[in-house]
Amino acid sequence: MTVAGRYVGQSVRRQEDPRLLTGHGRYVDDIVVPGMLHAAFVRSSVPHGLLRGVDTEAARALPGVAAVLTAAELHPGLHPMWQTMMGQDAPAAPFRPLADADVRYVGDPIALVVVESRYIAEDAAELVVADIEPLPPVLDTSAALGDTASLVHPELGSNLAGELPAAGSPELDAAFASAALVATETFHQHRYACVPMETRGLVAQWDPAGEQLTVWAATQGPHEFRAICGRVLGLPEPRIRVIMGDVGGGFGQKMFPMREEIAVVAATRQLGRPVKWIEDRNENLLGGGHAREEQMTVSVAADDAGHFTGVRVEQLENVGAYPFPGNGSTAMAGSMIFPGPYRIPALSYAARAVYTTTCGRCAYRGPWMMETVAREQMVDLLARRLGMDPLELRRRNVITAEDLPFTTASGMVYETVSPAQTLEQAAELIGYDAFRREQAAERERGRLLGIGLALYIEPSQSFGPLGTDGATVRLEPDGRVALVMGTASHGQSLETTMAQVVAEHLGCDLGDITFVQGDTAYVPYGAGTGGSRSAVVAAGAARQAALALRERIVTLAAAVLEAAPSDLEVASSAVGVRGDPASALPFAKLAGLAYFGHAALPEGAPVALEVTERFKAPPFTFSNACHAATVEVDATTGQVSILRYVVSEDCGVMINPMVVEGQIAGGVLQGIGGVLYEHMVYDGDGNPLTTTFLDYLLPTAAEAPAIEYGHVETASRLPGGAKGMGEGGAIASPPALANAINDALAPLGIHLTRQPMSPAAIVAALTP
Amino acid sequence: MFPADFRYLRAESLPHALDLLADGEDVKVLAGGQSLLPMMKLRLAVPEAVVDIGGITELAGVSPDGDRVRIGALTTYRALQRDELIAARFPAMTDALAVLADQQVRARGTVGGCVAHGDPAADLPAVLLALDASVTVAARGATRTVALGDFLRGIYATDLATGEIVTEISVGAAPPPGQAYEKFEQSASHLPLAGVCAALSVSDGVITSARVAVTGVAGRVFRSFDTERALAGAPAEPASLEASAALAADGAEPLSDQHATGPFRQHLARVLARRALARALTRATGEVPPR
Amino acid sequence: METQVAQVAMTVNGTPRRATVEPRKTLADTLREDFGLTGTHLGCEHGVCGACTVLVDGAAIRACLMFAVQADGSEVVTVEGLAPAGGGLSAVQRAFREEHGLQCGFCTPGFVVSLTAYLRDHPMPSGAELRDALSGNLCRCTGYQGIIAAARRAAGGMEDQ
């Protein structure tokens, strides 16, 4: 256990809260620019079809309508689009902001209406008539790969969006040949979505004279937004200023600007007037990006003691029509992470991603999480076949402290993970053995109680463009501190936690720090908030910059005090000779000397009290956790009641435990929502059925179980010892809950392998 | 998500409202707006004009009137929930009001609006139907009263004609004390996948009459006559309930959608009927059944 | 059809306000656009998420499901009107901060208004009652853990006010 510092390790209350609690946050819909027009999209009501014509005449005639833009008007002059993380040559769906010649899902934007008011924009959009000749929809991923399938993207010649071929090995073949038991099962995950409470949106303004673009955006990464605007419009990046204010959640959906945002930016330049687009909830559910729909077949070879000897995985992903980023496949990450917390000597992982005429996939908290969803359900299934308790089977296979450093079959190297400890801690916290006794007794009385576990290892992703972040720490003339970062905090509390890191290492008071982010004109380059990377990469930059500034301040103070720097100490925004409090020079005094009184300073004393540092992180830093849930299933109605929910987490040195627990909680409920309530449904003709909150059901406070936490704190090898953890809650909760439900249903001989596990699905399974 | 343009007409009185309504072709009545506004915003309802009756205070409130209790059409769920007469005599209504929608909807949504909307998955109509409610409807120069069972016709379809306004719902002032409402609720929307209200009269250990109404299951809220017949004259004990509850969804043409198949809704209706009947019987006899 | 406009007058956070609006303009949009009170947020615009919850004549209602013309003559309180006049936070707002009841903050104004209204009418609620009282508001960040804890804290501390 690490000893908490003055700030790091403390549950400091958040700096962002007072403005957000009093209605003084500033979200993108709060931005008003003089002369601003409002955009609305005309969207396809047909899943697949040829666009014979778009009649915009009636819409153009409506008073207040500035423009109605179709692909023919909007696309000329636009350049190719690609995401930095994916690279220029990555497989991807064709890029087109608006539908051109054909439509490829219900919701496909056909035209952009730009109008004086939001209300009239919607009136005008209704007046646009698209003449569409229907084509067969492409919905089933297996059928989509058949020879006779209609093509979602005819220009690609195939519906296969991506493929990861199986890489077998003699060791793997041998493991299966000699296994005491081989278990194979296919697990299905259904389509659900990020659903941030704030939808997507932006205000874009083009300055034709200076050829400069300004965009206020609801984004998780202003620099990536800028890069993509630069690529598409052919503009130098410094000519583009992307500003994010407060952002109402993203969960992956706002990592990259998608087609609509790019269309609005292009329209702004074309029209020379500011344009605002605020997506409505209907659009957000229809076309804002979906996630998760996929299936995974897992074969496990085990010896007679239940030790895993080899695993074969096959994944089939439905990536919709226009996935973001790239081709929407998560297989590469899944194949690296699959072994997770277990000793799996040999592995093969094959995957295919398939385009369909549905809304494209977007990133969603733990996009690759099917590896954990399938793996953890497979462990329980194997345990059942072996007649062994799932806890015992996990104990026999989990990576222990003695195994470290451990290299997985996929080549990941773990140095500081603690899956065995979190397994034991979660089992202890939930009272695993006592529950088993209670469960047995209650089963006698007809109650269906169940317990489920799920372990996982979560990577902080800091490879390639995600690998560095920058921070500027500046001592201002009044002795207060400006912390300027390339982060894009939108609920992750970085305004507080980054300030904690700086205050700790600079030696100033937390209240002296003002945090600035989200304006590409002023902040260091940042890869955005996502991939559970901020505690690793951004905090690394904040720490490094704070230490560098501290050194300068100490050097300055040493010159003034005529003392050796090594004799000085920094505390509470002052520097003094150790053991002589009277000597302490407040930061304000030192700043005054540096900025204004420098003539009196000795030669060589530093006057630049501003430091910008970039921190370079290793490609992966791993945190880990174990989730444990107990449930009761009402066999009559199929209703699942979560009795207890425990998370034992090791994310290294916690900067702010309160924030860590908040991140866990949010992720857990998203996973619970996915298993029990949320389902983005298409009918057999490709029409979406769940495009309001009356049909797409989110959990409320009434459905949320109390979540209990345990912490194991194993420092990472990074300076500061942190590990990322933002996504894990959403990754492990679906299998933990599914395992608990299946454990409850076990006496009835039922094992569900499909989500959602809705009351209807459970009763259907119970009905012979 | 914005409504299409419309003419807004504020009614100062009921006659005024009826005049405004009679003058227009495509006019919608706006009370609390909790059902109408979403329909207008999704442009499923695009009226030329809207008559706002929200300010007609005489249409709000609960009052005893001989052997009936009159509930003004503009009485909000919240007002109903706070009404002492309702709390004292209509425990099934109290059950439903506690699980109906949420705090915000209860503050604006009205009983008359709910009934006039004809939503096949609304909570309160099941209770009102089990309590033998009647609906008073006014048009210019005429007023009529219809049994709720005849008023509800189908999915968002009622007996309400052009130019008419629901002014009042009334229920018997001495309802059977054995009444209860049970629902199976969906998250967030709070809508019942199924809901059942049971009202039982018990005398000398025998169920003398029973009314059972089901919501969420079929195209309209309906009474389960089979269940009612099976209960009438049966001994007032739990054993009587099981077989009769099993009939609760017989004959219903069930709704089927992405949330639940028709058979699942029927299944829930049977389960909820059993639960509602059990609780109603407990309330009728004052006995607590063994768990 | 000639677009009709209407004059509306209401008291908002204690101040008389007037606006000229189309009948179809919601109270939420009027508060945000005509009165500059952007703390009232729109998360779904069809009456589920509760982010737009404000007090109208004391009752917590969804401002996206009310036309501004319907609020003519009403007393409206938005999230901006809850904190004490001299600055700082209300008891409910303080409880949210203490218990980490918010992350991105977008749903927060609706929760704060809903809870403020509920606790005014129900000073000693049970945990289940609090969960039900908050079930008209959606949050996607917190898993409701901090929100429920904040509600408990605020309920416990209401009498201190």
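Order of writing sets the chain letters: A, B and C. Residues in each chain are counted from 1.
Going forward, a contact is a pair of C-beta atoms (placed from the backbone, for glycine too) under 8 Å apart; a residue touches a chain by one contact, two chains touch by 3 or more.
Remember, it's a predicted structure, so these values are computed and weren't measured experimentally.
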Chain whose Cα centroid lies at the greatest distance from that of subunit A: B
Chain pair with more C-beta contacts, A-C versus A-B: A-C
I'd like the Å distance between the centres of subunit A and subunit C, where a centre is the mean of that chain's Cα atoms. 29
Centroid of subunit A to centroid of subunit B, CA atoms only: how many Å? 43
When you check subunit A against every other chain, which residues touch at least two of them? 118-119, 280-282, 692-694, 698, 700, 702
Mind pulling the subunit C residues that touch 2 or more other chains? 22, 24, 45-46, 48, 132, 135-136, 138
Going by residue number, subunit B touches two or more other chains at 1-2, 4-5, 38, 42, 188-189
Can you check the complex and tell me which residues of subunit B touch subunit A? 1-2, 4-5, 38, 42-43, 184, 186-189, 191, 193, 257-261, 264, 267-268, 271
Interface residues, subunit C side, partner subunit B - complex: 1, 3-4, 6, 22-24, 26, 45-48, 50, 53, 59-62, 64-67, 69-70, 114, 117-118, 132-133, 135-136, 138
Within the complex, which stretch of subunit A touches subunit C? 13-14, 16-18, 20-27, 29-30, 118-119, 195-199, 246-249, 251, 280-282, 490-493, 658-659, 661-662, 664-670, 692-694, 698, 700-702, 704, 706-707, 729
Under the stated contact criterion, what part of subunit C meets subunit A in this complex? 22, 24-25, 29, 32, 37-46, 48-49, 51, 78-80, 82-83, 89, 93, 96-98, 100, 102-109, 112, 130-132, 134-148
In the complex formed with subunit C, which residues of subunit B make contact? 1-8, 10, 30, 33-34, 37-38, 40-42, 48, 50, 52, 54, 78, 98, 101-105, 107-108, 188-190
